[in-house]
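After this come two complexes, each holding subunit A, first together with subunit B and then together with subunit C.
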Partner chain A sequence: MIFNTDVALQNAVNGLLIGGTYATVSLGFSLVWGILNIVNLAHGAFVMLGAYETYWLFTLYHVDPLASLPLTAAALFALGYPIQRYVINLVIRASFLVTFLLTFGLELLINSGRSLLLGPVVLPLVRVATFAVAVAVAILLHLLLTRTRLGSAIRATASDQEAARLMGIPIAHVYALTFGIAAATAAIAGGLISLSFPIYPAMDAGYTFIGFVVCALGGLGSVPGALLGGVILGLLQTYTAAWLGPNYDNLVAFAVLILILLLRPAGLLGRVQRFRG
Partner chain B sequence: MTPRTFGLGALAAAALAVAVAFPVFAGGYYVRLATGIFMFGALASAWNLIGGYTGYPDFGGAAFLGIGAYTTGILMLRAHLPFAAALLAGGALAVLAAVGMGTLLLRLRGHYFAIATLGFMLVLRQVAANLPITGGGSGMNLPIASAFTPFYYWMLGTVVLGALGGAIFPRSRAGYAIAAIRENQDAAQVLGIEPLPYKILAYASNALLFGAVGGIYAYWFTFIDPPTVFNIDFSIQAVVMTLLGGPGTALGPVAGAIILKILDTILTNISLFLHNVFFGALVCLLIIFAPRGLAEVLRRRGGIVRAIRAELEDSRV
Partner chain C sequence: MTPAGLEGVLRAEHLDAGYGSVQVLWDVSLEVRRGEVVALIGPNGAGKSTLLRVVSGLLRPRRGAVTFDGREITRRTPEEIVRLGIAHVPQGRRLFPDLTVAENLMLGAYARADRAQVAGDLDRVLALFPVLRERLALPAIQLSGGEQQMAALGRALMARPRLLLIDEPSLGLGPIVVQALMEVIGDLRRGGTSVLLVEQDVGVALAHADRGYVLETGRITLTDRAEALLGHAAIRAAYLGLAVGDVGRPGSQDR
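Moving on, here comes the complex of A and B:
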């Protein structure tokens, strides 16, 4: 009995720690989806770029992975802002299929433009630090959205674009900032992933899917929702891995997605109405 | 039958006659290229049924392609069935899977439907990589066919089936119901149309074509593994070709497949790396400048430039 309790506890810890990473993956995805109403298929590519940047900063310049996170985040912000400002903003009011496919095209461009072809790389496990960073990023983003002028502008734009414009909010700029912030959090997620998991060029699609499932689970555009959704998914995958084997994590994520969409489409902490206006 | 549809029909019949005779006078390379064009023409026509006519953007068509490929492969290799029988079983299984999954997924709308179908495909890829019967991650070798020209005719058959489906579908009772559902599902329900069975019909037709293409593809290439057949590129290319040629039309998806596949072949010959960059850039440009298809831009009065400018004004911020 004691042995079983230990296993259950260990699973709980592992699931919680993985969940932190999932939450970081999903924060930016949720932000872009909730605020801009775009399902960003290039999100996983941002995560992948962040992971590789962290790896290279460590390999070439021996920058500690956790210390390089702000650098990685800044770099991806600098990539994300112009993508939104000068590309996605062109079609932001078109149907969802249009923005969906555009981000897929961007994903292809980013993934084929990246010339860093290398095999799986595993760095030492520091999952506790990873989890702490994940929670810190979530708290910072939450404060940014709720306590600052920029956050008010972002939320105002999300709830009523026309009214926000009349109040003097530069919509195109706010959209681009939101996208840049999302890309930056994706980069942090990638950096954290590179600490504990293998990284490889084709990792992007799987993480985009994780981002989507966590958003659907926790609720769209909600920072606490992303944290809760990430942790729940991490726990579920860890526990099911104990009896299904470790190779069916997508199956678990998919089952969770279908169940939540059929039973509670707004997500656990969903406030879809607030963000759709 | 209006003169215009009659003319189009005559043109299609003439094209079909040329296509049937093509392998007699063309070299092996061109027959292979045409087989690939037909393959994607069939996929685009299939996507057009669910994504174009019904308005449910399926991004997981590769799930059915994979089901068709693996069923055909397993039945030929382990049960020693002839190709035609195995292919039939593959198509049937794809339809069954579509009916089952469609019952769940077609209740979702918009982004949710799109991502859920994508997730379904990722799940099947993972399952195929872990089951012993599929050969797992190392894939599966099929018997090698004695001749390769038959694959040309198999693929021609599926693309003709797809185009015929696209021509007949909108004129059928089910087609009118589907159009009503696409325009306004709630209003359709008020008129007494039960949406789910019609949506499942469109989804299963799409799955049948994807499954058939998968089975032919498996025997044609003789090697399949999870990432090659459960590959999102099949789904996305089908979408892009349909958008290029004109969604909701019978021959548009085939036209899109011909244009894109030929461009793609030229670029692949120049550089394999460039080919991916090109495809990504093409998707972006097409989506930004002609989200309703190239045909729509050409059809507008006042020239292409004005049409594109009007399109941009409509959707930018």
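Moving on, here comes the complex of A and C:
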């Protein structure tokens, strides 16, 4: 049974499709970590909020989940921008631990606020459409970062804050925009997840974790890296679950992660570039 | 409105500045007039780069004032100051290594309100540094040292500054490239741009400047016309190696 080609192919398809969603979960996490140098522990909470927003828009107003994604993304951008601008920016020059704790606090805050609304819900599977949206979001984000004035300002700020200020780039605003964009992509991921998977208030920690793993796999702040890392994690988990049983999916995923980090500490598509001298 | 006669004029008055508990600048005053190239020379660690950082807003002075165009800019942010017409080419060039040469140059114009004219300015910069045209699509990290310095200067020019602050342009470059850079600086001066030039190579700096200031351990110790400084006994001894004497403090890091 293990070597049944139909099953193996089905696993490949399943793994690939879930990988797209993982990639979307991780895009924003990677962006915030790679550019703002913040490990945003509240990222999974943004994913959860996006999932619930999609669910309620569907349940209460019968808005098609895919059609509601732009709305959900806009709402989470509107939440993310002020959080970065007026909360996280205050401690941006403090130590790593401070931003770590702050985002953890945000995570607890959002999560406890959410626990009023409950219910494990499984909506009809439209995983192919989900994957298409995931890839489209990744491509759009990549184009934003590489083809626009704002994108080059974001990347310039990430590589050298002080030189970016000398260009006249308002870095506090750029940081907040980046965080808002990350929250928006998290919302899209949540909306997509709500289409195929159960959603529940405690889902956030698991998705923050996925963001973390995919980002480390693919390389920090890299859109192609998030896509590649997401697909690899999806395939690994699906195959492991099918062959060794569902309890082992994370075991193999993490074994591979450790192996990749040993061989390529910057992730598969990550680069560490500095001028010499 | 700019007060008459003060357009493009930089004045630093009685500046004290430093980092943490370390004071680097002590009562520093300096002036750059319109269309003038002023050299700021002195040993490593004297505070030359610190003075440029105060002017461009990266570092707030503890005391004193900086005015440009007759307007006080002491408490303004770098983002505001570049919009007022001061561009800073920092030490070590500070290009964005992963970004292409074209992106680096275009970011120089980030603060410009007149976006329509930016394309024309890019052509002008590429005419000044033709070698950059073939490198536009490359990440900046792949440029040679001389090309990096040209890209950094070109990026600053994209802001259409009326005052350029240039920190150690000759560092690590061969004499032919340095000569080419100095000629560009000369052209800029003829075009009415004022330049404040920090340069380790005192001979090169004074040969291309109108006036010079000598900064030693955070204080201005001497100022004069460039030719006069070139002939000054203490300068010849300390910086040009033309007489026996101290050649600064090798190995210490300039701040």
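In the analysis below, the second predicted complex is superposed on the first by the 262 of 277 C-alpha atoms of A that agree within 3 Å, B and C clash if a C-alpha of one lies under 4 Å from a C-alpha of the other, contacts with A are read in each partner's own complex, and residues count from 1 in each chain.
What we mean here is this: a contact is a pair of C-beta atoms (placed from the backbone, for glycine too) under 8 Å apart; a residue touches a chain by one contact, two chains touch by 3 or more.
Since we're looking at a predicted model, the values are computed, not measured.
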item: Overlay on subunit A: subunit C relative to subunit B, clash or fit; value: fit
item: Subunit B versus subunit C as contact partner of A:Asn247, first or second or both or neither; value: first
item: Partner chain(s) touched by A:Leu227 [first = subunit B, second = subunit C, both, neither]; value: neither
item: Partner chain(s) touched by A:Asn89 [first = subunit B, second = subunit C, both, neither]; value: first
item: Which of subunit B and subunit C A:Arg149 touches, first, second, both or neither; value: second
item: Which of subunit B and subunit C A:Ala205 touches, first, second, both or neither; value: first
item: Touched partner set for A:Leu235, first subunit B, second subunit C, both or neither; value: neither
item: Vertex subunit A; arms to subunit B and subunit C (CA centroids, nearest 10 degrees); value: 90
item: Contact breadth on subunit A, by residue count: subunit C or subunit B; value: B
item: Partner chain in contact with A:Val133 - subunit B first, subunit C second, else both or neither; value: neither
item: Gap in Å between nearest CA atoms once subunit C and subunit B share a frame through chain A; value: 10
item: Touching residues (chain side subunit C, partner subunit A) in the complex; value: 56-58, 77-79, 82-83, 87-88, 90, 92-99, 103, 106-108, 110-111, 139, 141, 148, 155, 159, 172
item: Subunit A to subunit C touching residues, read off their complex; value: 149, 152-153, 155-156, 159-160, 162-170, 271, 273-275, 277
item: Touching residues on subunit A, where the partner in the complex is subunit B; value: 33, 39, 87, 89-98, 100-102, 104-109, 111-113, 161, 171-172, 175, 202, 205-206, 209, 212-213, 216, 245, 247-251, 253-254, 257-258, 261-262, 265
item: Touching residues on subunit B, where the partner in the complex is subunit A; value: 51, 57, 104-105, 107-108, 110-112, 114-116, 118-120, 122-123, 125-127, 129-130, 227, 232, 236, 239-240, 243, 273, 276-277, 279-284, 287-288, 291, 312, 314-317
